[in-house]
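First subunit A sits with subunit B, and in the next complex the same chain sits with subunit C.
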Partner chain A sequence: MRRFRAGAALAAAVLAAAGCGLGDAGPQGTAQGGAPSAAVTGEVKGKVTLQTWALKPKFTDYVQGVIDAFQKRYPGVTVEWLDQPGDGYSDKVLSQAASGTLPDVTNLPPDFALPLVKQGMLLDVAQADPKISDEYVAGGVEAYTYAGQQGVYGYPWYLNTDVNYWNSELMAKYGLDVKKPPTTFDELVAQARIMKEKSGGKVYLMSRRPELGDLAEAGVELMSADGKRFTFNTPEAAALLDKYRDAYKEGLLPRDVLTDTYAGNAKLFDEGTAAWTTGGGNYITSLAVDNPSLAPKVVPSPDMGVPPLYVQGLSVSKQTKNPAAAVALARWVTSPENQAAFAHLVSIFPSTKASAGDPFFSRSDGTNAGDAKVIAFASLAKAKMLQPVVVTDAMSKFVRQQFALAISGEVPSKQALDTAAAKCDELLAG
Partner chain B sequence: MGTHARSPRGGGLNATGPGEKALRYVLLALMLALTVSPFLWQLSTSLKSLDEDIYSGTPSFLPEHPTLGNYAQVAETIPVWSYALNSLVVAAVVIAGNAVGATLAGYALAKLRFRGAKLLLGLFLATLVLPGEVTIVSQYVTIRGLGLADTLLGVALPGAIGMLNVLLMRTAFMAIPAEMDEAAVIDGATAWQRLLRIGLPNVRGMLSVITIFAFIGAWDDFLWPLIVLSDPENYTLTVGLQYLNGTFTANPRLIAAGTMISFVPIVIVFAALQRFFFRGVEEGAIKG
Partner chain C sequence: MTHRRWFTPWLLVAPAAVWLLVFNVWPSLNTLVLAFTNAKPLGGGHFTGLANFSRALDDDQLADALLNSVVFMLVCLPLLTMLPLLLAVLVEKRLPGITFFRTAFYTPVVASAVVVAIIWGWVLDDRGLVNGLAQRLGVIAEPVPFLTDRWLLLFSAISLTIWKGLGYYMIIYLSALGNVRRELHEAAAVDGAGPVRRFWSVTVPGVRNTMLLVSVLVSVSALRVFSELYVLSNGTGGPGGRDMSLVMLIQLYSRGFTGHLGYASALSLLLLVVTIGPMLLLLRLSRKAA
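The block that comes next holds the complex of A and B.
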């Protein structure tokens, strides 16, 4: 993911530098705000393109089925489906936008959509479809609302969140009860201490470096309400960093956790060096492919604080020639029925309110992967987008460095937070 | 290395004692292990069957139940051969462009005197300063303007003459003594004749170097073909292999198998040209 974002930041700068001249680049080029919203109520017909992100070939049948049903429902419409490879997606989207070839309906996560929203290239779907807030969950709709921009710039599609995963074998071996996993940070530290002592420092429970999202998870407001200033330099945040500093000093975290080459806790978890990681509802299923002998030993539990919300959505291009058909297609793909069918194939969760009562999500099939799905679904109710979309790679990197200084004890936590917040403000303004 | 560093019997500068020789081999073996082990890991991953762990604290290089099934599955999942063919087409255009274009430009800059030669060289150097990512969007807009979006020619064209290759060829031509050219001029040779009869026979090594570089560059490039191409039929191998790495599904064994498949042609090209390659790399050293 990080790689994608680096590309996004760079290309976003290119997009911004090229300015409004970009609108003229393609044959479809129109002035900003060109598509009249009245047209959205027009007849659903013509040709529309749908772009998804790395769903082929695993979900080819599913997506094609959804498209076929749409074309059957609206006989005058033909849908062209493009599926883009996983790597380099934000670069691909930005080059499409810059050359005026953005597909009519595009799968964009909220942070990829931001540069396009700023350039006025996406349709405000709330204007085209005022009922959007009634039909989709609030967190999903909020993800596509941006500070300083009126409107909603995408239909929320599927959601996911993080669940805690524990290695039951390691926990049992080193004196911990996997049935009583830590539910607070302090309990986590206490259990990490037991594990360190019993394993002689070979196996860790904690192996995660805190980032901005962890502060938000602990209840710290990262930004001011108007989205113009970073506010994470609070005493609560400093207290959390202090706890990490003490744990690090005690040797409860791997020594290289603060370096940029750190492999990450999921990697250590896969190797059996760490007994805890976090991951989406789908984690055990993919682990079963990577490390089949480890997957059955994994036990899930709910997130310790405010669970993070991950949103995917479908945005509509402002330059579309058939806005009515494009909006109808975006609605169709994100409909409760089609999302539920998708969720049966892979552990993701629908963004439609109508899906909340679906017993499929609240009933486990008895496997640990099924339990994880149920836990994730329950967590979604209180999940929030933890990291603001305006946080760039440059900001994250600076924050990481400051946090590393604080945790290694070189700089007092409050001072590190102040420096990081000031730098982020500066980067935000620039 | 102490006492037996020099053998009393050897005498010459290159003579080495058995101790030093052993040390050299140990160091070489160490380097080999360092550079080759990630590759071996990838190879062994591609041969592991579904019931084996991929990531573990102590990685095992020997698959317990070796299988070629992953390779078969790659071929089933994506049209490997047609993607490889697309990559070959792109690579062929890039190699031809570099071999011809960089040779001509390099020769002109090294051996011909014309107005603005220095300025031209400076401009060539200046384009090297810009990282490719910065110009990628404007390059795409240009290619689109030429009507080459979503074509293999559009993928190949921007890389068809590498500035670095021009500089390399210029250096190689500079190494030919000026007297040889002057003698040819007195004999009445034209610029073309001097290039073909005197220049080219002396830069074959460098030519094979830029051929290999151009091939690897074209074969391995990912971002640019991704941006230019939109029809999956036209994908090059590096882009097409991404289908193995889906949003919710990424089997590391398949990805490793795909990587191995895309690696084979590089080995073939290098094996075919390596004789010239090392001559080319050394060429700068014997100038004088």
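The block that comes next holds the complex of A and C.
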């Protein structure tokens, strides 16, 4: 009898725990979000919180100025600004979402916003603000629209893309002309070969392995049209991996590229072991601080294929107590004037159509940093979000692992792609 | 006359008990439940029976991770049980300057595992200290792929773990050696036993219980290895992710907005079972030996 009671008590404890583990985390209680938001009406007043991502202390004056101007424009509103550190931001947002303490306005890149959209935690700003598509560039708005979900779930804030950066000194030293950088992958391999031969293998031109975005850049469709299946295991993708495998075997890439992260490429470029890297339009400006002797030697050129589009945006919590004020704040921060002022401080690009004609972005001041800014701005016109927003960190990791196996020659490229696609499908299905 | 209230002991243990309930018992029970669900960090989940466990059976990476963890344990267990004992016997002697050696052997324990692993990464890198010196001396023509070969990476992490753990277990043995009666050594010496014989016949039986404790600690920590492999492989789990440990795999599945908490919990249960196994075996062996 005592044993039975103990068993029953354990079962009760387990069931109680089950209640904890399986609770519906959505504060709105919608199992699958997407319920249309009510149109935002009412007076702009009350307290709202604005959460940004690693903007303090570099841009404290700018952001505070924007907030002060907003509070002056709407005297009934008090804005509390929270800035989170760069590391662990996704974990922070996740804990806020799970505990129902998401700030009223939060800086969320599109892939962070998607799971919150699915849980019905974000406001459909297109309902609150029907003119959004007229005022913001299409790529920015599209980034916050998701397959299977009606609406737009963030105001595009600022955009960026990748530019190629070449170490002109190393290229000249090892027989390459920085004025004629590679424009295709085959040219890249050919020039990498020259650099390897002339430097005796001490300096590399190529020092990063491909990611899913590289397949997309090469024209491979990563997902099926309905977004339910990964389709990157194509012969074209296998052919690209084969080219990387051959280049790796030939010693055109550092051997530890297989276990290195992308930061490894930037590090090698920084220390003068690699002559090519990619980065945003503001890369040279950052480099001038970290490595002032290298920065003047860097020459930018456009991305070799379809440039990637990176979007940051501000989303509004559906839980906000002051939706009118929250929407007004998100609009205010992402307004053409405020975005342009931000872009004048750092090489990011406004997501508003009104800023497209600003000569500041299309005219270089003659420095290499200015050239990079112009190249990045021009590239934005054809830039696309190369990696689907449903790709999680775990998927990226599995893909990288399989690509590493293919490039090392341990498994055939097609087999590695098949394994990676199957694993991504499994993770996507949950 | 003192008056004792019935709730006084409960009051005294309450802070610790609450802490244990909230941060140990409750999460453990929750993990047990989640292992049978498809729970996600947002939106909860449903009971899926044994689905996570059947998925584990087909998981190639889990097989690799299990193999890595077992190899890790099998190599670390004898080395980290015996080497610190030998080291303790060496530094136990009261010689001039011996404190310096005791401190030097203990220093790696104080250092952060992550920092140490980063330094080892620099040392073992293709362009690192070891390869650079060996190439300069003409010992090797090509760099040894310490960090890019599956097994070399695993054994590099094992070497790091042993190097870092030596001092910690040495201190445990030093305190145990203090309890081995000096008269036994003297009697054995009078009977003609040399240092090696005395070590096996006096020292080892004298610290057998401590050896058991060290064995259990080593096997548990070896099966739960994370930092060393994670940092040496830059978080990638080595080429093809084949150098992942069980904990790395759990971390991979549990993180992020769409973390697979159900599967990660099932892997945690598996880790618990795998960890308890060697402990029970060691206890049984010890009882038999006693």
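Going forward, the second predicted complex is superposed on the first by the 387 of 430 C-alpha atoms of A that agree within 3 Å, B and C clash if a C-alpha of one lies under 4 Å from a C-alpha of the other, contacts with A are read in each partner's own complex, and residues count from 1 in each chain.
Throughout what follows, a contact is a pair of C-beta atoms (placed from the backbone, for glycine too) under 8 Å apart; a residue touches a chain by one contact, two chains touch by 3 or more.
Every value quoted in this text rests on a predicted model; they were computed, and no experiment measured them.
When both complexes are overlaid on chain A, the residue A:Ser408 reaches subunit C alone and has no touch with subunit B.
By the touch criterion defined above, A:Gly272 lies against subunit B but remains apart from subunit C after alignment on the C-alpha atoms of chain A. In the superposed pair of complexes, A:Glu337 makes contact with neither subunit B nor subunit C.
Using the contact criterion defined above for the overlaid structures, shared-chain residue A:Glu169 touches neither subunit B nor subunit C, since it reaches no partner. Contact with subunit C, but none with subunit B, is seen for A:Thr259 once the two complexes are overlaid on the shared chain. Shared-chain residue A:Ala98: touches subunit B and subunit C both. Looking at the shared chain after the overlay, A:Trp53 reaches subunit B, while subunit C stays out of its contact range. In the superposed model, A:Glu211 makes contact with neither subunit B nor subunit C.
Shared interface residues of subunit A, touching subunit B in one complex and subunit C in the other, are 14, 18, 25-26, 91, 94, 98, 273. Chain contact summary for the complex, subunit B toward subunit A: residues 50-57, 77-78, 133-134, 136-138, 140-141, 144, 149, 222-223, 226-227, 230, 232, 239, 242-243, 245-252. Here subunit A touches subunit B in the complex through residues 7, 10-11, 14-15, 18, 25-26, 53-59, 82-88, 91-92, 94-95, 98-99, 101, 267, 270-273, 282, 286, 289-294, 346, 348, going by the rule given at the top. The touching residues of subunit C, counted against subunit A in their complex, run 26, 29-30, 32-34, 37-47, 125-127, 143, 145, 147-148, 153, 233-242, 252-253, 255-261. By the touch criterion given at the top, residues 13-14, 17-18, 20-26, 31, 90-91, 93-94, 97-98, 112, 114-116, 118-119, 121, 254-256, 258-261, 264, 273, 392-394, 397-398, 400-402, 404-405, 408, 410-411, 427, 430 of subunit A touch subunit C in their complex.
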